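Listed next: structures, encoded as structure tokens.
Below are two complexes that have subunit A in common, paired first with subunit B and then with subunit C.
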Partner chain A sequence: MSWLNILRFPGRSGLGIVPIGVPIVMFIFISFASPNFLNVQNLSNVNAQIAALLIVALGQMIVAICGGIDLSVGSVLSLTSAIIVSVDPALAVPLALLAGLVVGVVNGVGVTIFAVHPLVMTLATLTFLQGLALLILPVPGGDVPDYLEAMVDFSFLGLPAAFFWCLVFATAAAVVLRSTRFGLRIFAVGANEDNAARNGVNVVLHRISSYVLCSFGGVMAGLFLSARVASADATMGAHYGLESVTAIALGGVLLAGGIGSVPGVIAGTIALGLMTNGMNLIGVSPFVRAAATGLLLLTAISLQPRKAIGA
Partner chain B sequence: MKSNILKLGALTVASFFAVASMTTTANAVELTAPGLLDPTTEEMTEAGAYKKEGPWTIGMSFPGLGNTWIVQMVQETQYTAANNDQIEEFIFTEAGWAPAKQVADLEDLIARKVDAIIVAPMAPASVKKQVDAAIAAGILVTTYGSSEGVLNSAVELNLGGKAFGKAGGEWLKEKLDGKGTIWAFRGIAGVNEETLRYEGLTEALEGTEIEIGAEVFGDWNYTKGKQLCENLVLSGQPVDAIWFSGADMTRACIDVFKDVGKPLVPMTGEGNNGFLRIWTENDLDSVAPIYTPSIGPALVRATVALLEGETLNKSYYSDPAPITNETLGDYYREDLNDAFWVTSALPEDEISKNFAR
Partner chain C sequence: MTVMAKNSPATARSHLASASRFVLNLPFAYVGTALLLLFAYFTRPMLLSPLLLLLIVRQAAPLGIAVIGQSICMRVLSLDLSIGGVVVAVSYILTSGALPFSGPVLIAICILFGLLVGATNAFFITRMRASSVIVTLAMAMILTGVVISLGQFHAPGDAPEVLKFIGQKRLGIFPIALFVWLAVVIPAALFLRFSVFGRYVDAIGANPNAAWASGIPYVRVVTIVHILSSLFAVFSGLLLVGFVGVGSMDIGGDLALNSLAAVILGGITFGGGKGGVLGPAMAAFMLTFSFNLLTSLGLGEPGKLMIQGAIIAVAAMIYASRRNK
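Right, the complex of A and B next:
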């Protein structure tokens, strides 16, 4: 099958012409519209700006492929930020990971065992976790452990730390999706959970695991973002839940489950990052900006209609 | 003895000229209308330290939009910038109340190689790295709000904060004679300015028998404030007075009280024409601290003054006397709509054009 055919009929990757084309068109347009866009500093900024969203979106992608959605991941990010400045630095990361694990399990159990709709379940968790984060850290500030700051503040071979964070998590997600039984099975669960169950797939376990991985992404993004701004904020992740859903939708992930890919999520995240960066560089009015962003997203997503899974 | 007297005389004369020169310099740049903004330190910026040849590109990073005060402040800021021949471009960015987006906005402004950045930080600590990076890149940074030493900006223009919350708290203390139950309507959770205002309230209530019976976050927003007030009123919880963290929430709650026919209780407000109208038309007992939108133009003027090589005090604070039952008539404008906030730096024709009823 030729590359053109793969793009026209992307199969379970969802990686069609639109997800790939949108960031490329935006890149070319902003390059002409703003002379500062292509300078190394700005491209490095864009990389750092999208890293946290990419990590969250990769987790969101796993849940979405498995047929769910996790709106609470932004609050997990906020909670992580609150935790790491409120406990002993040596315990910061283990405690944040433990919190992520608990949240993932609670979400997964709620959705699978208690049959709560994913939107309702994760919206409830979102609200609870946001309140908890504000209880732990009512005022932004605090000292992020030095070792975390060092992990986001280096460059290697001329490439910034954010690039390596993106590389590590994108590679890990790609390996999980493409080279493990777990990856294969979540596609099966998301496409048709009854068929998957009849073929011996433990649907409950895979659904719960997908929520745990998504929360894990929220924790990692929280560590990255807090270290990047060298400070904690209990509302830091408030927008990441919906933005990650937007990023994966732009990247061709089917929100009904069964379709999605890491390159698509990377493309969707880059498109969102370029939108913000481009409008700042071009100097678009804040009153026009929200409308323009919505219009662009609507256009991009409308150009990716699907009649059935795998079409 | 004679020598000592001469020395004392010389010192007095020198001190007089030093103070006179400082006052002259500070007053040479009119940042706002008289009485709205006062220096809080004698420390001055170094003359010519931030001087740059024009025309300039100035960027502003603001936490987010969401109420009519912000919209007016943005309009006034952009109007002031547009009417300065030396400002080639004024870029306003807003972060949608997301700390990470504000960091990204500042990075983008630095990449854009602007000449100066006006930053209104959601939390000073969150943007410290970017402010330091801007300064290292030779960009002048002025701050809206007090960073309490966190940010190394050239000049800080501050308003509101603890004093805003305290003004309302002190007034309620007096109205309730030191005892009773109040509701507290707060702004957006986690925002520095909001926390400071609330701290001002709790400081004012220390040592009294006034209890905060209910505490909600109305996001400084009319719609959310109205929903929360409806819930509280219909719950039947006792209330003797209400403290508001400002913006459109008081107006929303008064509407709720009127809708359900509940007698109004003392409520704190803010210098918004819609609130002043309701205050005027109803038998309301209130106080309204002034949080002037002309802080935006003042920031532009301060930034321009520094780029021109002028010297300014390192920090200023706006704390005009709050509007009271006695001074209400001086501020309420019957000819203007509810979206207008006092006090404005716009010329009268612009005010009429934008805010006519």
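Right, the complex of A and C next:
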């Protein structure tokens, strides 16, 4: 009885029936539909495919819990990819992180101090950064620094590198959310900004920090993805902005703020990854898959109703 | 007495101040268009020839019509990002030959289709209380995905003659598309200004809770707004397909983003409860003109994207900070 109640009223974790149930149902369904699904090679493929998305989605979750949304994170990913092949290898990672910091601060300042709607603000930076990335790297290609390639190409205890990337970032995000003041305060800001401010939380600072963390997520995913394909592409991240929003919505994160959890985001990302992988295995065209993802998103979002109507 | 007052320096200064305040309070689109035209006058004067300007107007017309829908959505604190998906679907219905009907029938089907998409969006937004961003994005994903996978069976082809005529021909030197645009914008502006529905839209935008409390049919208004937005997207698609002459899979892909940019430049902000129809229309022209200007200056895609992004960000910041004062 009590665990049923927890599933129905999940509190601020958002881990209700849908976020937990969808990936499980999919897993069972696909393993019946396609015999190749359950072999180790394929499962490690799924892991590698969703690692970048998971890192982006964890950043998106932090922004969403704080009551915002960051569509520009996909362009940050592309920009990172363009930067690391265009500068000296020793400077690649620091410069990419610096770019992420600047983007996060610009987004955060626009949203908090100028009070621009987060969608509009991040749409503007999305467009700008996509242009910048194409300016730096007009054609795909280039040499990714060797040390980055080494970081995604090892395996330890029989587990691929992608698994450890996921593990590190998921743990870091979970620690930030559960065991730091910062984590507690972004929940407070997202749930009710005015109350948080009256209780002495610096709303502006926490909002800006959440955007910076989200941009760092984009940078890290960009490093991972470029190193994995051993080449850079200035449009590499174009879909990640929307897909990360889809993943966190599937994972029970409330886009209005104040509700969300790392396990939920992992579940949402896995659901999205399983959908892609399963449809690949069954042999469905990638465009039908896009439509199916849209339907899944509509269903997931209808199952977590809010009070307000509108954006 | 009045003559003296007019001549005194103090009132002259206050006139100047109120004039400058008036200009500053205008939507950014007016000032921006003036600046762009001035810039073009010094760098690329041939862009200002009447013939080219009218061509640019014709090019701006589809965006100009889509913007009306987006602007009323934003005035009731909602958003419509499914415009691009609707346009792709309209282009497919019209040009693929998958439905064996004549031009006018296909156009009627497109309008029905628009009603259906708008009503679906509205259902999820008002009844399921889902975020309009997510709902319309998902709708765009579904429409584009379905159209592209259907494209394997029937590839898009030529547009119906009626639409090519409207999109490409001109009366005298004026393109017919300009008249279509005016015929949509002027009634829309008058309707939103003087009808009860327009007042409801303003009231909901100004304060949703107050509008709800005072018995305004909130859900119905938001529903109608979304249906209207999809219908405007259909009209925009009809015009665009006629203008281009053939259908394609990536037609109108940037329409959703550009319409959002135009609405912001046209002086409508989330939760402002203010805003007209002419500002966004001017902004649609401004954006299209700026694309042409940038192309003629030899800036490639990257430069265009960067300037577009910068314009949206700066305009949105100026408005939002002005509103907060």
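Basically, the second predicted complex is superposed on the first by the 300 of 311 C-alpha atoms of A that agree within 3 Å, B and C clash if a C-alpha of one lies under 4 Å from a C-alpha of the other, contacts with A are read in each partner's own complex, and residues count from 1 in each chain.
The rule we apply is simple: a residue touches a chain if its C-beta (ideal position, glycine included) is under 8 Å from a C-beta of that chain, and two chains touch if they have at least 3 such contacts.
Given the structure is predicted, the values throughout are model-derived calculations rather than measurements.
Undergrad: So, on subunit A, is it clash or fit between subunit B and subunit C?
TA: clash
Undergrad: Thinking of the overlay built on chain A, is A:249 touched by subunit B (first), by subunit C (second), by both, or by neither?
TA: It touches subunit C, and subunit B stays clear.
Undergrad: Identify the partner contact of A:138: answer first if only subunit B is touched, second if only subunit C is, both if each is, neither if none is.
TA: Both partners.
Undergrad: Tell me which partner A:230 touches in the superposition: subunit B (first), subunit C (second), both or neither.
TA: first
Undergrad: Which of the two partners, first being subunit B and second being subunit C, lies in contact with A:281: first, second, both, or neither?
TA: The answer is first: A:281 touches subunit B but not subunit C.
Undergrad: First (subunit B), second (subunit C), both or neither: which does A:171 touch?
TA: neither
Undergrad: Examine A:48 and indicate which partner it touches, taking first as subunit B and second as subunit C; both and neither are also allowed.
TA: Only subunit B; A:48 stays clear of subunit C.
Undergrad: If you count the residues of subunit A that each partner touches, which comes out higher, subunit B or subunit C?
TA: C
Undergrad: Once the structures are lined up on chain A, find the stretch of subunit B hitting subunit C; candidates are 148-156, 184-192 or 256-264.
TA: The segment of subunit B occupying space taken by subunit C is 256-264.
Undergrad: On subunit A, which stretch or stretches are contacted by subunit B in one complex as well as by subunit C in the other?
TA: 134, 138, 285, 287
Undergrad: Mind pulling up the subunit C residues that touch subunit A in the complex?
TA: Listed in rising order, the residues of subunit C that touch subunit A are 76-79, 124-126, 128-135, 137-146, 148-149, 152, 208, 218-219, 222, 257, 260, 264, 269-270, 301-310, 312-313, 316-317, 320-321, 323-324.
Undergrad: Spell out the residues on subunit A that touch subunit B in their complex, using ranges where they run on.
TA: Residues 34, 36, 39, 41-42, 45, 48-49, 52, 134, 138-142, 225, 228-231, 233-236, 238-239, 276-277, 280-281, 283, 285-287.
Undergrad: Touching residues of subunit A toward subunit C in the complex: what are they?
TA: By the definition above, subunit A touches subunit C via 69, 110, 114-117, 119-121, 123-135, 138, 242, 245, 249, 255-256, 285, 287-295, 297-298, 301-302, 305-311.
Undergrad: Per the contact definition, I'd like the list of subunit B residues that touch subunit A in the complex.
TA: The contact residues of subunit B facing subunit A are 65, 74, 89, 91-94, 96-101, 103-105, 107-113, 122-123, 125-129, 189-190, 192, 195.
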